[in-house]
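The two complexes that follow have chain A in common; it is paired with chain B in the first and with chain C in the second.
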Partner chain A sequence: MQTINATYPATNQVERPVHVGVVGSGDLEILLAPIESHADRPDELKVRVRTSVDGFDTVWRRVLDHFFENNRPVCTIEINDFGATPGMVTLRLSQALELATATDDDQMVGSADGSKSTGELPFTEMSARQRAASLLDSGTFREILGPSYHAESPHLEPQGIVPSSDDGCVIARGTINGAPAAVVGLEGKFQGGGIGEISGAKIAATLERALVDAESGHPVRVVLLLETGGIRLQEANLGLLAIAEIHAAIVALQRHIPVTAVISGMVGCFGGMGIAAGLCDHIVMTRAGRLALNGPEVIETEAGVDEFDSTDRSLVWAVTGGEQRVAAGRADVLAEDRPEAIRKAVIDLDTAPFSVHRGDRVTELAAQLADLDPAARPTPSELRTIDGRTH
Partner chain B sequence: MLHHTASATNDTRRDWASDRTDKTNRLQDANSYTDGKIIPTENIVDVLHAVLHPGDRVALEGNNQKQADFLSRSLAKVDPERIHDLHMLFSSISRPEHLDIFEDGIAKRVDFAFSGPQSSRVAQLIDDGTLEVGAIHTYLELYSRMFLDLAPKVALVAAVSADRDGNLYTGPNTEDTPAITEATAFRSGIVVAQVNEIVDRVPRVDVPGDWVDFIVEADTPFEVEPLFTRDPRKLTDVHVLLAMLTIRGVYERHEVTSLNHGVGLDTAAIELLLPTYGEQLGLKGKICTHWALNPHPNLIPAIESGWVERISAFGGEVGMSRYVAARPDIFATGPDGSLRSNRMAAQSAGLYATDMFVGSTLQVDPLGNSSTVTSGRLAGFGGAPNLGADSRGRRHSTPAWFDLSEGRGNLGVERGRKLVVQIAETFNAGAEPKFVEQLDAVAVGQSGGMPLAPVMVYGDDLTHLVSEEGVGYLYKAQSLDERRRAVAALAGVTPLGQQSTPEDVDELRRAGIIALPEDLGVHRAQANRGLLAAHSIEDLVEWSGGLYDPPAKFRSW
Partner chain C sequence: MTSLPTNATTTAPEFGRIWFDLLNSGPISEDPGSLLTGETVLPDGRTAALAAVVPAPNSPFPRARQGEVGLRESLSLASWVASLDNPDKPLVLIIDVPSQAYGYVEELFGLNTTMATSVQAIASARLADRPVVSLVVGKAISGAFLSTGLQANRIVMLDHDGVQVQVMGKQAAARITRRTVDEMEKIAETFPATAFDGASFTTLGAVFETVVPKSAGSPGDEDSASALAAVGRAVDDILNSSGNDLRCRVESEAARTARAQSLLVRDAVNAQW
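Entry: the complex of A and B
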């Protein structure tokens, strides 16, 4: 990766800080923050670019010169780039600037909390931030440790990977149907939603804080929007520790109030976070969502293509997809891929503490698996019946 | 005079039916391996040995969609000692064995149109001297030559089913079969058709049995590639921006009603913006009513919203059969209810009956020449050079076509012009400029010993160029210098774009030769995926009322 700095004399004041985009394939994240004018120094526009692609400083400087030729806002702009084309960079800069300078009456294309312009989008189309906002009651979204706190991973940059200002994890407080709630949203586009030290700590701390609140008689619903392949390989040990904390925190909190996992896709939920989902009292999935311990590619790599062909999408979804998981009793609710449908599904869930949790049924679940002959290659429809129910 | 006649009748006693005699002999040689017209599957290689002779010109059906893959696999099994140096005619070099036969010496020379999936290997084999290229054609051009100077001696084609008389049913994927078969059958060539099954009665006759010499049941149904299926999830906000610019700057500006779209993501975004952005602009019924187009799944929302009156299809598309069959007012369908496609006819419609071609390119040069051939990749073009060219033989007028008239000109007569539009984001995803000083195609042509550089759309056919910087109305440029400055003004921060000055841009805008997004009422910041009528393949299924059956590789459920 490479860092590029540029400074321009600036003239136009901006109204508010703005965050747009995501550090994901072909895209970039832009953080724009106004700088207060001072009489004793000229107004400036300061830009810092961190890019995953080396050797394009000339192109970057031209893109910035070109964009700021006629419009120089007084602000700092931080760009975390994951291989965006100049066309995409210019588009995102336009969006950021429009949001930063729009008056409240202007029709905005998408505000920082995603509360606008997401009307018709499927849930799977939305960013983690937009998803979290769509789940909470309108106007109650309040982000904790948002992008402007720069709670980014300290481990990625030394390994040549561009970090994200929120480490791919959004924590939001608000209410769901009037009840206090905390929503954790994982951004699947950033490093495949992998759990690192910071994102893991953000999730664990949210659950632990909810436990403190619950113990003091103020239960808070926690909803985890999981889009993750599990541990982020670059931070393997720290990710493992964080996931252990998350598991423990889910178990502890559920003595007071159920925790909900929502798995909508497109990444799915695998690895240690697949276990985390399994511990939750409520699992809501869409058809596009996938839930498993090992991802399809991992199984194919370890056990061979005859065991599991990860390119056979029908097979992958027939085994791990939301429809199958709900039918087999491994997940609880199948919701449509619309924000209102997911929100309704979450609202309809029981919030009274469970006496028996999925994790308490280990012996029973293990016995069901013991009856299965893996050499006989059970079909997806046979898998639906192993918990003794007929579907 | 008398002397001349005498010598013609006495000295050179010409056999006027040598081709027919030759065919009779070859059929005789195959006789012991066949049961009438039917070749038992296991005898196919023996029959090929009998009907093929070294140096024959052989048309092997395989385009960018369906493949006579049982026959191509069988051809790769013939003995190169017996059958060698064939001259192959391919619409598309698509499958590995299409090139294996050159490595094994079974074939030597090729005339083709497209080689997308095998483009790197084609470039390599030309380099090695293993493969001699006659020319890279456009589809219509290659079939036309089959009717004149490249008549096939043997045609190997594919159909869904045949009856025992050899009547072929090609179903939705008729595509090239009638053209290849006719060009062969009526020149005393031999037509061999692989079919998925032999039946008592075909649902409809797409190719009459007396054009077909042999039918053979294939070991597996013929391969069909869903080439025209583009997952809406792959569309970015930049594709949406390019689509908005093209809709406002070209479609709306010239009120284009009849058109063809390429297969790229840019045009997929346009198709998905018609029912949303196009509707907001009040363009329904005013643009995009008649299409020369395959059954693109991404056009389903526009069809369902009443935008489309008629589509003429080059080929079928995997998964679209039930949808197409349920919309016979829109698509051409046979008495059996299923799609009748015809590549030669649709290419003709694209040439003479549409007002506009819109496609994407990988490279464009300062004068607007463009190509998808880049270093190490000899992809060919399929239909683009034909569809992306003005038809000077056209003699009917339409508002869009006539809108590009340049007045009476030197010869005192007025004529319109086809809109040929290329969309090119300034850089590709690998951060390489698409706007270049010289097309890679020039060097590729030279190193491959080709007499012509493989240019896809010639600059003088290109009327409009769209990048994320804006729209160029190149047809309005009064000089080559003005054209060059217009292309540079759209080239963004590429080295070519650095040649453009703000003064250039102002001047070109005033002259109406380029339009920036703000000139067209397009807000960059409003370009986002939320505008797409469908965001996923699943959405397309929903739009189709469950009639679209996407192939497994596009399913996420």
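Entry: the complex of A and C
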């Protein structure tokens, strides 16, 4: 990665801090923050770019020089880039500036959600911030440790990887159907949604805090939007420990109120976070969502293509996809890939504490397993009709 | 069905079985899912339940024959832990698990679901105030460690060359992060979280105590006594502490350095809640 700094003369005050974009393939994240004017020195605009692609400083300077020739906001701009084209950079800068200088209330909501309007986007194509906001009652979204807090991973930049200002994890407070809620959204586009120290701690902290509230008689509904390949390999055992703490917190909180996992795709939910989902009292999936422990590519690598052909997409979804998981009783609700459909599915879920959790259903699962002959390589449809199933 | 590659290169001692046999003082009960269960006596005379997941070379699940934690292993462990009576009796989990089982039938059935049952069982035992101690004697890798040992109140770790704590094998991790194994090892010198050895893991602050055995592969009475003494101190520490959560892992002195953000994030979430 490479860091580029630039300073420009500036004249126009901006109204508010803004965050747009995602540190994901072909995209970038922009954080814009107003600077107070000082009478004793001229106003300026400071730009810092961290880019995953080395050797493009002249292109960056040309794009920035050109853009700030006509736009002169008094602010700092931080750009975390993951290989965006110059056109994309200019588009994101324009969006950021438009939001920063807008004055009406609608624009304020837009800035909090990361864009002006999500329109008719499928749930899977929305950013983590947009997905979290779409589950909450309109106007109740409030982000905790948002981008301006700069809770970015301290472990990535020293390893040459551009970090993200929210570490790919959004915590949103608000209400769902009038009841207090916290939605944690993982951004699958940032490092595959991998769990690092910060993103893992954000999830664990939310669950742990919800437990404190539940114990004092004010239960908060926690919904986890899980788009993650599992542990972020660059943070390795820090992610492992964080996931153990997430597991512990889910089990503890569910003695008071169910935790919901939503697995919509496109990344899916794997590794230790697949176990986390397996602990949740409610799992909502879309057809595009996948839930498993080991990803198909890892199985193929470890056990050979005869064991699992990861390029066979129909096999991958037949085994791990939302439709199969719900049909086989490994997930609960299949929802359409639309924000209103996911929100309705979440609202319809039972919020009274369960006496038997998914992770307590050992006898039922053991009975199913006893009826399964691993040598016969059972098919996905055979699993759906296996004995011992109560779903 | 297709023929499955077997890992014929496994020559490391079966630390899990060796240390289970060393510490076990009760009748051995071997579950078909390669779960050993028994009892051990701590230095203060208290009896603790004892378990280890070990290799089962004849398992019908080919991907779980080398000690990998698979469908049967996770369900057996969950079932046994949930069935324990006398909630005051400590639980000691001996950990030597090379990985989770990588296979088609595992994912078809839902290994994430069965592993959640052992996590749920061990976490529930801890929340019911049963003291739970993991004794890491060999490999403690990724999902296998998460589902067998990481819900314990305290982790005691042997210090020897056969101990490994990581989230993925070296070759696979190198491939996915597009680095060479040499580069990975160099990075591990600066980032202990990415190293494989037990000492590096210990710097992250989650290990209660480390025990250096005289012989990890053929331990004797002295090794047994020092391991049980450490487990006993861990149980005492659990009984003398107020909580039954995992907070000591983020609040330990080592964690305040190596995982400083883990505590800062929790404080900030509380402040902004």
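The rule is short, and it goes like this: the second predicted complex is superposed on the first by the 372 of 391 C-alpha atoms of A that agree within 3 Å, B and C clash if a C-alpha of one lies under 4 Å from a C-alpha of the other, contacts with A are read in each partner's own complex, and residues count from 1 in each chain.
Basically, a residue touches a chain if its C-beta (ideal position, glycine included) is under 8 Å from a C-beta of that chain, and two chains touch if they have at least 3 such contacts.
The structure presented is a predicted model; accordingly, all values stated were derived computationally and were not measured.
Putting chain B and chain C onto chain A via the overlay, clash or fit?
Fit.
Using the superposition on chain A described above, determine whether A:A328 touches chain B (first), chain C (second), both, or neither.
second
In the overlay, answer first, second, both or neither for which of chain B and chain C A:G83 touches.
Touch status of A:G83: first partner only.
For A:L291, select first, second, both or neither according to whether it touches chain B, chain C, the two together, or no partner.
In the superposition, A:L291 contacts chain C only.
Kindly classify A:L121 by the partners it touches after superposition: chain B alone (first), chain C alone (second), both, or neither?
Only chain B; A:L121 stays clear of chain C.
Touching A:E197, do we find chain B (first), chain C (second), both, or neither?
Touch partner of A:E197: chain C, not chain B.
For chain A, which side has the bigger count of touched residues, chain B or chain C?
Touching more of chain A: C.
Angle chain B-chain A-chain C between C-alpha centres, in steps of 10 degrees?
Apex at chain A; the opening toward chain B and chain C is 120 degrees.
Just to confirm the geometry: in the superposition, how small does the C-alpha gap between chain B and chain C get, in angstrom?
The answer is 16 Å, the least C-alpha separation in the overlay.
Would you tell me the residues on chain A in contact with chain B in one complex that are also in contact with chain C in the other?
No residue of chain A touches both chain B and chain C.
Note which residues of chain A are touching chain C in the complex, please.
Against chain C, chain A makes touches at 144-145, 149, 151, 153-155, 158-159, 171, 173, 197-198, 200-202, 204-206, 208-209, 230-231, 233-245, 247-248, 251-252, 255, 271-272, 274-279, 291-294, 296, 298-299, 301-304, 306-308, 319-320, 325, 328, 330, 357-363, 365-366, 368-369, 372-378, 380, 383.
Which chain B residues qualify as touching chain A in the complex?
Checking each residue of chain B against chain A gives 233, 236-238, 241, 425-429, 431, 467-468, 492-493, 498, 502, 523-530, 535-536, 538-539, 552-557.
Which of the residues in chain A end up touching chain B in this complex?
So the residues of chain A touching chain B come out as 26-27, 53, 56, 59, 62-63, 66, 69, 83, 85-88, 90-92, 94-95, 97-99, 109-110, 117-122, 124-125, 265-266, 287-288, 311-314, 317, 321-323, 337.
Could you list, by residue number, the parts of chain C that touch chain A in their complex?
Its residues touching chain A are 1-5, 60-63, 71-72, 75, 78-79, 82, 99-100, 102-117, 119-121, 123-124, 126-127, 142-143, 145-147, 150-151, 165-169, 172-173, 175-177, 187, 190-194, 200-201, 204, 206, 245-246, 249-250, 259, 261-262, 265-266, 268-270, 272-273.
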